[in-house]
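Okay, so chain A shows up in both of these, paired with chain B first and chain C after.
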Partner chain A sequence: MDKSQSLLGDAVFETHLKSLRDMPDWLIELKKEAWVRYKALPFPVRKNEMWRFAHVDGLALDDFVHDDTQGKRECELLICDCGADLNFSDDAHVGGKTLSEELAKAGVLFMPLELAIREHPELVRKHLFERMPDMGSEKYQALHVALFSTGVFLYVPRGVQVELPLQSVHSATREGGSVFPHTLVVAEEGASVTLFDIFRSSKENIRHFACAAADIYATAGANVRYRLVQAWSGNALAFHLNSATAGAQSVVDAITINIGGAHIRGEQHGRIIGKGGEVIMNSLSLARGKQEIDQRTLQTHDAEDGHSDLLYKNVLLDQAHTIFSGLIRVAEGAQRTDAYQTNRNLLLSPDAESDSLPGLEILANDVKCSHGSSTGQLDDEQLFYMLARGIPRRQAQELLVFGFFEEIIAKIGNPHMADYVRQLLQDSFSLQ
Partner chain B sequence: MSQNETQEEKVPNIDVERDVGNFSYQTTYDYDAGKGLTEATIDYICDVKGEPDWMREFRKKALKVFNDKPIPLGWASEDLKTIDLDRISYYMAKGRPTRSWDEVPEEIKQTFERLGVPEKERAFLAGVEAQFDSESSYSSMKEELFKQGVIFVSSSEGLMKYPEIFRPWFGKVIPIGDNKYSALNSAVFSGGSFIYIPKGVKLKQPLQAYFRINAEEMGQFERTLIIADEGSEMMYMEGCTAPQYETSSLHSAVVELVALKGAKIQYVTVQNWSSNVFNLVTKRGLALEDAEIRWIDCNIGSRLTMKYPAVVLRGERARGEVLSIALAHDGQHQDTGSKMIHAADHTSSNIISKSISIGKGRASYRGMVQMPRHLKHCKNNTECDALLINTNSRTDTYPAITVRGEGNSVQHEASVSKVSEEQIFYMQQRGIPEAEAMSLAVNGFVNDLVREFPMEYSVELRRLIDLEMEGSVG
Partner chain C sequence: MSLEISSLNVSIADKQILKDFNLTIPKGEVHAIMGPNGTGKSTLAKALAGHPDYTVNKGSALLDGEEIFGLEPDKVARKGLFMAFQYPVEIPGVSIANFIRAAVTARMNKEASDAFSATAYYKALYAKMDELKIPREFTARSVNEGFSGGEKKRCEILQMAMLRPKYAILDETDSGLDIDALRIVAEGVETMRGPDIGIVVITHYQRLLNYIKPDVVHVMYGGRIVKSGGPELALELEARGYGWVEKEFGALV
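And then the complex of A and B:
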């Protein structure tokens, strides 16, 4: 670990700029501005409403460095028969299967982000960092912009339906290192596509930092399914700062699976900007040990007839801590909005803590909005039923937890992906 | 003043309605601490009241805390910044507290009569504690209550005459530093009630107090402490109206309830300050074993109300409940809610909040439910429903729920809706005009909560809702 490349010093940014190859001036400028912003912004404090209940002590980044040298291919994970896949290791593209000729001909682009910036700047530039998050992690977002070097660029032209799911895997392998994967999905009018975005560490116990961002854009009538699996090492500090933007009559359907990490901060902004747009946000998190999973969501309705639906489910073991803080914001004039938000927490240990802050801000009157939050234990009767039939307590608990999660898993919409998630959950349970 | 007098002529009927508060009489104040807040103000208040040294120290400590605490702008309304604390009079008293009706000054009697206070309520109520400006200007109590050992006096009288009961609990449920405005109240409070219900005494009729602001730029800082001893039961009712003024008035009360083992307290409030009043109130109850505390809270008036009645469930099997109705009209922000702090096993709490936003009115629900690690089998249920009348009406919900421990469960639900067109259409079909249909629908929305209020309050409430709904349709 090269201490001179600490995330707190300017040297790391200078090294990063030198490592970039053939990047356009506008991007370099963007990065320079971001670095200045990152240096100027304060670290989060708990008094800030956007960090309420969170543990902010471990967020100072003082023991992480960044290394821009080429990573090595680490894993050969292929969840299902994919249309194409991209494999990244320590923020470097290390391989994967390219798109079929047919899709390539139709104009679909699925390539490393830095390549897209060079080859299709007009398509990338329109949306890259167009949305600046304001949900608390501005400092980390600025660091992400300054230090990102690659990621996924997925572009589906007008009317093109991509049948097979696409897959990308981002691996972190360096102890004390940091990664900044970026995902940008743009689906033009009437297009349809599914992306599996998988984040993992090469070894179970390495401690590293990750600050990922994924921005999904669905233009009028488009349909995007985005499945994120967060399976970082149990010692990782990770940020996932995501957004889903729905144009008129389009649908963005996003699912987040949280399994790994020591401290996870997730921000998910669902934006409805076109009439009749729809955003679906689902999440399941299995929090164990001393893990903290801090998820903040925002559903903004800035157009009429929009629909948004959110379901976040958490299971807490040991001394785990989860925070769900959600807000539905219906702008003045966004009439006939339907917006829902549900948070369910299952506490399996008396030492676990769940915080739930489901919020609404409604400035239009012709709306249907509701939120619900419940926190409780496994149903004693259901548990008793299984115990009475000779199923050991641990196994019975596990079955009930799986039942609880199944509601989200069933929404994944791909049996191989669903099995993969089930397997990850199973493995995580058996670690106990 | 002349404008108020014309209004007075236009309203010949004397009813307890919102408009009736829109007048004032020229009153001369016998004691006036002047404007602004310094240690000298506190010395002045203590000297006039003849308070003991411990109270003087308490007040001065509170002043320091108040000055040190910032305005809570991270989450609260920016409107708080517009309160000019230097232009407020912190203490004014007209005469000394009185007990018989004859001793009450004439102009004050007139004010009460316009409000329809004593005549109307006397028969029903066990005792009347009416506050006019800073000091209790009228108080009476029925003979039988007195014989049972019930104490119902102003807080100043309580601290002078009954220090052995007053002092152990005073400032214990709501410490000085709880928030900036509770510190302000602790520094300059005057008026409010002190009530003690002895062991096993169950009051059949509610105790009641009316508060009223009657001086321009005058802050009102009443302080109420209610102690219900083991196994006793009581209900307290508080209602407010205020005359309208051009500059904003500040009302910052502190209400502390203590329900000892098995006691039950119900605290009913109808808040209808005029729409220039800042109403920043701290209310909290402490419920010991098997005790029950219910806050029934209705907010109709004021410019900005910030009030989150709380119950600390300190004893096993204690119960806490908040039933809340808020009505926010143009220019109003009703920022209300509740806190339930579970601090013993098998405690349960329930919050039901309904709000109606009319025109550009804004109603917010802010809640907090806490169940710490060492607790078992606690329950909370929260329901928040909001009704939006006009296209630019606004509502917010900001709950915060923390759960740890074993076998604890929490449920929170909130919904936002408008009055359904079908409902209105149905009523219009049957010859009910649209505005009236709207009023009926709104009354229907809050009906199950209004029923929880004592009879004459619920009648008054329905009337106030009708009045507020006038002109909101079309």
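And then the complex of A and C:
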């Protein structure tokens, strides 16, 4: 680990700029501005409402460096029969299967982001960093922009239906290192696509920093299914700063699965900007050990007849801590909005803590909105029913926990992906 | 071989419900327990199954000679006691197939359960389902979730058939069973009936007994059995109601 490349010093950014190849001036400018912003912005404090309940001392970056040298391909992971996949290691594209000729001919693009910036600047520039969540992590957001070097660019032209899911895997392999994967999905009018975006570390215990952002745009009538699996090492500090924007009559259906990480901050901003747009935000987290999973969500309705539906479920073991803070914001004039928000927490240990802060801010007068939150233990009657069938207590508890997960897993919509997630949960759960 | 319950005293939240209750169910027989509401019929079922809300203050229950009080509920079940719930519990996210499989393998040693393939399991499951006329799609549904009363009963009977208990207690006290559900329970009991099982059907209404012919009928009142007889006792209860039971036995309890 080269200490001169600490995330706190300017040297790391200078090295990063030098490492960039053939990047356009507008991008370099964006990065320079972002670096200045990053340096100027303060680290989060708990007094800030957007960091309420969070252990902000876990967010320090002192121990992390960044290394721009090329990563090595280290994992082969294909969850299902994919249309194409992109494989990244330490923020470098290291392989994957390219799109079928048919999809390529139809104009679908699925490529490393830096390549897209060079080859399709007009398509990328329109949306790149256009709408970041801005939900408290602005400092880290700026760092992401300053230091990102690759990621996924997925573009589906008007009316094209991509049948098979696409997959990307982002691996971090360096102890003390940092990665800044960026995912940009643009689906034009009436297009349809599914992306599995998987984040993982090469070894279970490496301590590293990840600051990822995924930004999804569904234009009128488009349909995007986005499945994020966060399986970083148990010692990682990671940010996932995500945004989904739905145009008229379009659907963005996002699921986040949190399994790894020591400290995870997730921000998810769903925006409805076109009449009748729909954003679905589901999440499932298994928190264990001393893990903290801090999730903040925003459902912004800026257009009429929009629909948003959120369900965040957490299972907590040991001394784990989860935070859910969600807000539904309905703008004046976003009439006939239908918006729901639910957070459910299952506490399996007396030492675990889950905080829930649901909220509504409604400026229109003809809306249907509701929010709800519940925190509890396993249901005694369900447990007794299982015991009464001879199922041993431990196994009964496990079945009930997996039953709790299943509500989200069933929404994944792909049996291979669902099995992959079940297996990850099973592996993590049986560690106890 | 029998399930022998003697001097059983059970209370719930310090209120004594069963008072020196005695009953022996020999293998191969079907017994019906009838009685007015609030007389302790469901308490008997729950206490035998080991529900934590029910405190056994005194008494014993010997399952083929082995004491089951004091055992964890899952152990009692594995010893061979099955209770069909009056109100089966809904368990979202757990499929019937997985649930029953967990219950079946819990009765095997490690070797047998490792060797028990999915194919073998489904073969056995589907055979029972065909026998009980349960459509196969059923297995993918979550346990009891959104089921009709009849479907819940079907699910209980399927579990009983798969788990082959030595003794089964069917708690049908006052669940307001519709005729369909009633027939399902009755058919299930008739299918299972045989020399290797002792069955207790707990019911408030005589009409269940239109479909099941019990060997013995017991009348329960005030936390104990006050009268036992043949099937004709059920008909008497149907004809006369429970009023006479109170008159005749009220002073005793």
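Remarks
By our rule, the second predicted complex is superposed on the first by the 431 of 432 C-alpha atoms of A that agree within 3 Å, B and C clash if a C-alpha of one lies under 4 Å from a C-alpha of the other, contacts with A are read in each partner's own complex, and residues count from 1 in each chain.
By definition in this document, contacts are C-beta pairs under 8 Å (C-beta built on N, C-alpha and C of every residue); 3 or more make two chains touch, one makes a residue touch a chain.
Bear in mind that the values here come from a model prediction, so they are computed numbers and not experimental data.
Touch criterion not met for A:Q423: it reaches neither chain B nor chain C. Of the two partner chains, chain B is the only one touched by A:S373; chain C is not. Judged by the touch definition given at the top, the superposed model places A:F53 against chain B, while chain C stays out of reach. Applying the stated contact rule after C-alpha superposition, one finds that A:D351 touches chain B and leaves chain C untouched. In the superposed model, A:A364 lies in contact with chain B only, and not with chain C.
Of the two partners chain B and chain C, it is B that touches the larger number of chain A residues.
When the two structures are aligned on the shared chain, A:I391 is found in touch with chain C, with no touch to chain B. In the superposition on chain A, contact of A:E332 is made with chain B only, not with chain C. Of all the residues in chain A, the ones that touch chain B in their complex are 47-49, 52-53, 332-333, 335, 345, 347, 350-377. Residues 49-52, 72-74, 76-78, 83, 85, 88-94, 98-100, 102-103, 106-107, 142, 159, 163 of chain C are the ones touching chain A in the complex. The touching residues of chain A, when paired with chain C in their complex, are 380-382, 384-393, 395-396, 399-400, 402-407, 410.
Touching chain A in their complex are the following residues of chain B: 74-75, 373, 386, 388-418.
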